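For clarity, chains are labelled A, B and C in written order, and residue numbers in each chain start from 1.
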Amino acid sequence: MSNARNAIFAKIKAADAKRGKSSPADSRARLETPPAQLVPAMGKPAPEEARDIFITKALELGCTVADCESFADVPAKVSTYLQEQDCPGQVHIPDDADLSLLGWEDAGIAASSQLDAEALDGRTSVTRAIAGVAETGAVAVASSSKHPVSLGLLPDRHIFVLKVDEIKGGYEDVWRIGRAAKDNQGMSRALNLIGGPSRTGDIEATLVMGAHGPRTVHIILVS
Amino acid sequence: MHVTSEKFQDNAKAAIDDDQLQAGLFIFGKIFPLLREATASKLPEFEALRDSARDIKIEALNNLGTYLEAFEDRVEEAGGRVHWARTAEEANTIVEQLCEESGGKDIIKSKSMVTEELELNDHLIGKGYNVVETDLGEYIIQLRNEKPFHIVGPALHLNAGQVSDTFYEAHQKYGRTERVEDKVKLVEEARIVLRERFKNADVGITGANFLVAETGQIVLVTNEGNADLTATLPKRHIVVTGIEKVVPTLDDLSVFLRILARSATGQDTSNYVSLYSGPRRARDADGPESFDVVLVDNGRTDMLGTPVEEMLRCIRCGACLNSCPVFTTVGGQSYGSVYSGPMGAVWTPALASVSSAAKLPNASSFCGKCEEVCPVRIPLPSMMRHWREKEFEAHLTPSGQRWGLGVWAWLGRHPSLYRAATSIAGMGLRLIAKGRRGRRFVTALPFIGRGWTQSRDLAAPAEPTFLSQYKEGRRR
Amino acid sequence: MTAQTSTTDKRIGLFATCLVNTMRPRVGFAALKLLEDAGYDVAVPADQTCCGQPNYNSGDRESTRSFARGFIRQFADYDYVVVPSGSCAAMVKVHYPKLFEDDEPEKTAINAIAERTYELVSFLTDVAGIDRVENAHATSVTYHDACSGLRELKIKQQPRTLLGSVDGLELKEMEDSDVCCGFGGLFCVKYPDVSGEMVRKKSEEVAKTGAEAVVTGDVGCLLNIEGALARRGDPTRAYHVAEVLAGFDKEDAS
């Protein structure tokens, strides 16, 4: 359909000529070095406040939050959470050393690395994240060998393990992390900002949690 | 795009008499604007962000070619493909071919107004594909074979009972024979039924809220997470969207993310904001094997460089619909177009034709509330007036109205006759008015005035015209 | 009328508008009184007609330009043009310049007159500097924000300030005072069902306040709301804000 492409660009060019306002060189420069846009105060909280703001916002989005000292404490925290939720002590974890090397068995949890759709349906997943966003309370994840995107979509419960120093201010901080990780194919295939459990208001505008994705989102903050 | 906008008045009348539909309109007209104001008031920079958003879109449209080329290059670097479609037919054919390559027949879709505009589902179903919408609202109206009631809440004109009936009928084939009435259980039932469709789909089709030229990413914003499932589970991810969705950089995108959900549903953020580019990489643990972006023109380049170019800034938030006293009286389906409310009244004539859609830009009292809330500051009333001018130029304005306007303009050029005519009109009204509690009202007017007295009286003038009394020396 | 008791040497041309001229002449005399009390020399050019809005909003640009030219001929010589209508004032102030963007020298003349044109109440407060009217009236009113004045000319507080200064007058705000009443010029007869439903909602909000009268700044909206109230048998009166500020509403038997 290169005919279509040529035709569309020809019409764009014609409009450019009529308007006389296009500046390709400036636009290419904008792409090379993106100029900062207006970032509201909300998007750049003081670093010492980011953690508390993030927690408040995450709670507003319907997440639950727990904290612990170190990664070693994570399985116990997960176990507590699963008991509270009245769920079996079973989680699915990705191939991520941060999680796979933890003492799950000692905490009485069966950690599975099975990641196909049937296996994940209705279960609990535990994943890492690349950032927490104080501005919105969302958690940012990027697809990789350590992070299959479906782990945040198919299970009923999604537990994020996030280091306190991974909590950032706003969207721009996530973009910075994403850009820094670019390779010759660009940024990661998927960059998801997940703001709490899946929900819908499509029937009579009544908010119902657990539309398609996880019904609950739990965040374990590691200090 | 097929439109049935010429039936606007009849549709509107039926909608006004439909209590159920009016209850849905209450949510849009009353609740969403309150939520929007509440969330905007907590962001002091909201108005300044609207200015930035407008300016970024102006920049993007002024340099559309540069940004689209950059977007295309980045998508290809990421291993994806970009396809270009001038028309709905071209777009539908491209998507069909891509589906054919997949070798499967099962397609899942997440909500996309562009595919509604293209009537893509009808096309694919006609070619033997199973196409299932997965946004809950879209799924409901798909089962009912309706057009969206609102671009953000497609099924909010229905109550839980109607959804229950729809599911009861449609889900029998999946062995669900029990009638479910409760809203939570209805959502659960849809989740269970659609989960199976997600797991077994061959192709996932999404739209895109934005395209980022800097990175070649398509951006999806939802609350349900259905777009992410659509973009992740099937072997093939096809993105169908309009060429005007491109924004230059991620920093520019932030501005839109900060105003979109606030304007649409009064949320600080939507629950899922996702950026995708290219198919599954070598290092990825999951994701589709192919990633195709179909960029659709379908009338958009015709708007470039014209007075309605500004409409291309639209981010489909629906704030103008919620603020519109006409939309919140008649609902989306009255417009006979997938795009309704003020934005639909401007888009529809551009994408269809002035002759088929002239009823829409005329269905406005020009109250200006849409322009007041539009996050990208589109001067919607001016754009509607532009289409009225095109209608007038093409002699499509109803002949009675045209004649009346001609007479009025002629009186405007002959002040003494204007004074005589207004005096006679005033006298006529006084003559046919009937007294009521010391005041005099006309209760039935002929000709065009019938529209007035159909639902209200007309207070007759109490005295001769102002100009005639002034001429005779009255000053107070 | 206070703040300005001294006379000024500024001359005002009063543009009555077709609806005031034909349907509610008393609004014109109320405007005259308010402006003269404020110390201005006011004249009513005899050959004024319409601002051209019906044609403009029907897409008939050329006829509208001829209305605008007629307007200039009538009002070019005045220091100010004052209009007892937000919608007709906005037509001159906001829309006339758009009709002559590419036409010098008309453009200059139009821009100059647009700059000197004001809606009545905002003129009284913003230009004449009046913040209260000396007038006592034991009644209650609710104020409807007519759309053009509100959104194109930012008239919101001015009428409330002046109404609030009337001794004994109580302002009872209605819900959605800033939502269109459904008049919209020819809209109300081209889309009678939609317009009828809009004004039904509006008259319901008016009735809910229990105010004795609804007050607004545009005769089109006034006739629309008044007619809908009358049709439902509601005795609530409808006034132009100038009628109340000038005390003319007191002439009416209640």
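The criterion applied here is as follows: contacts are C-beta pairs under 8 Å (C-beta built on N, C-alpha and C of every residue); 3 or more make two chains touch, one makes a residue touch a chain.
The structure presented is a predicted model; accordingly, all values stated were derived computationally and were not measured.
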**Message:** Please classify the inter-chain touch graph. Allowed labels: line, ring, star, complete, other.
**Reply:** line
**Message:** Tell me the chain pair with the top count of C-beta pairs in contact.
**Reply:** A-B
**Message:** Rounded to a whole Å, what is the gap between the Cα centroids of chain A and chain C?
**Reply:** 54
**Chain centre separation (chain A, chain B; CA means) in Å** = 29
**Asked** Which whole number of Å gives the spacing of the CA centres of chain B and chain C?
**Response** 33
**Prompt:** Can you list the chain C residues in contact with two or more other chains?
**Reply:** none
**Request:** Spell out, as numbers or ranges, the residues of chain B touching 2 or more other chains.
**Result:** none
**Prompt:** Along chain A, where are the residues that touch chain B in the complex?
**Reply:** 1-2, 4-5, 7-9, 11-16, 18-19, 21-24, 26-28, 30-31, 34-43, 57, 60-61, 94-95, 115, 117-118, 121, 136-138, 143-150, 152-154, 170-172, 175, 178-179, 184-206, 208, 210-214
**Asked** Quick one: in the complex, what on chain B touches chain C?
**Response** 9, 12-13, 16, 325-326, 329-330, 362-369, 371-372, 385, 387-393, 397, 401, 405-406, 408-409, 411-413, 415-416, 418, 422, 425-426, 429, 436-439, 441, 443, 448-452, 454-459, 461-467, 469-471, 474-476
**Asked** Mind pulling up the chain B residues that touch chain A in the complex?
**Response** 24, 27, 31, 43-45, 48-49, 52, 56, 59, 62-68, 70, 74, 77-79, 83-86, 90, 94, 134-137, 140, 153-156, 158-160, 163, 183-184, 186-188, 190-191, 194-195, 198-199, 213-217, 223-226, 228-229, 231-233, 243, 248-255, 257-258, 265, 268-281, 283-287, 295, 297, 301-302, 304-305, 309
**In the complex with chain B, residue positions of chain C that touch it** = 16, 18, 20-29, 32-33, 36, 44, 46-50, 52, 54-61, 63, 66-67, 70, 147-148, 150-152, 178-180, 182-201, 223-224, 226-228, 230-231, 235, 238, 252-253
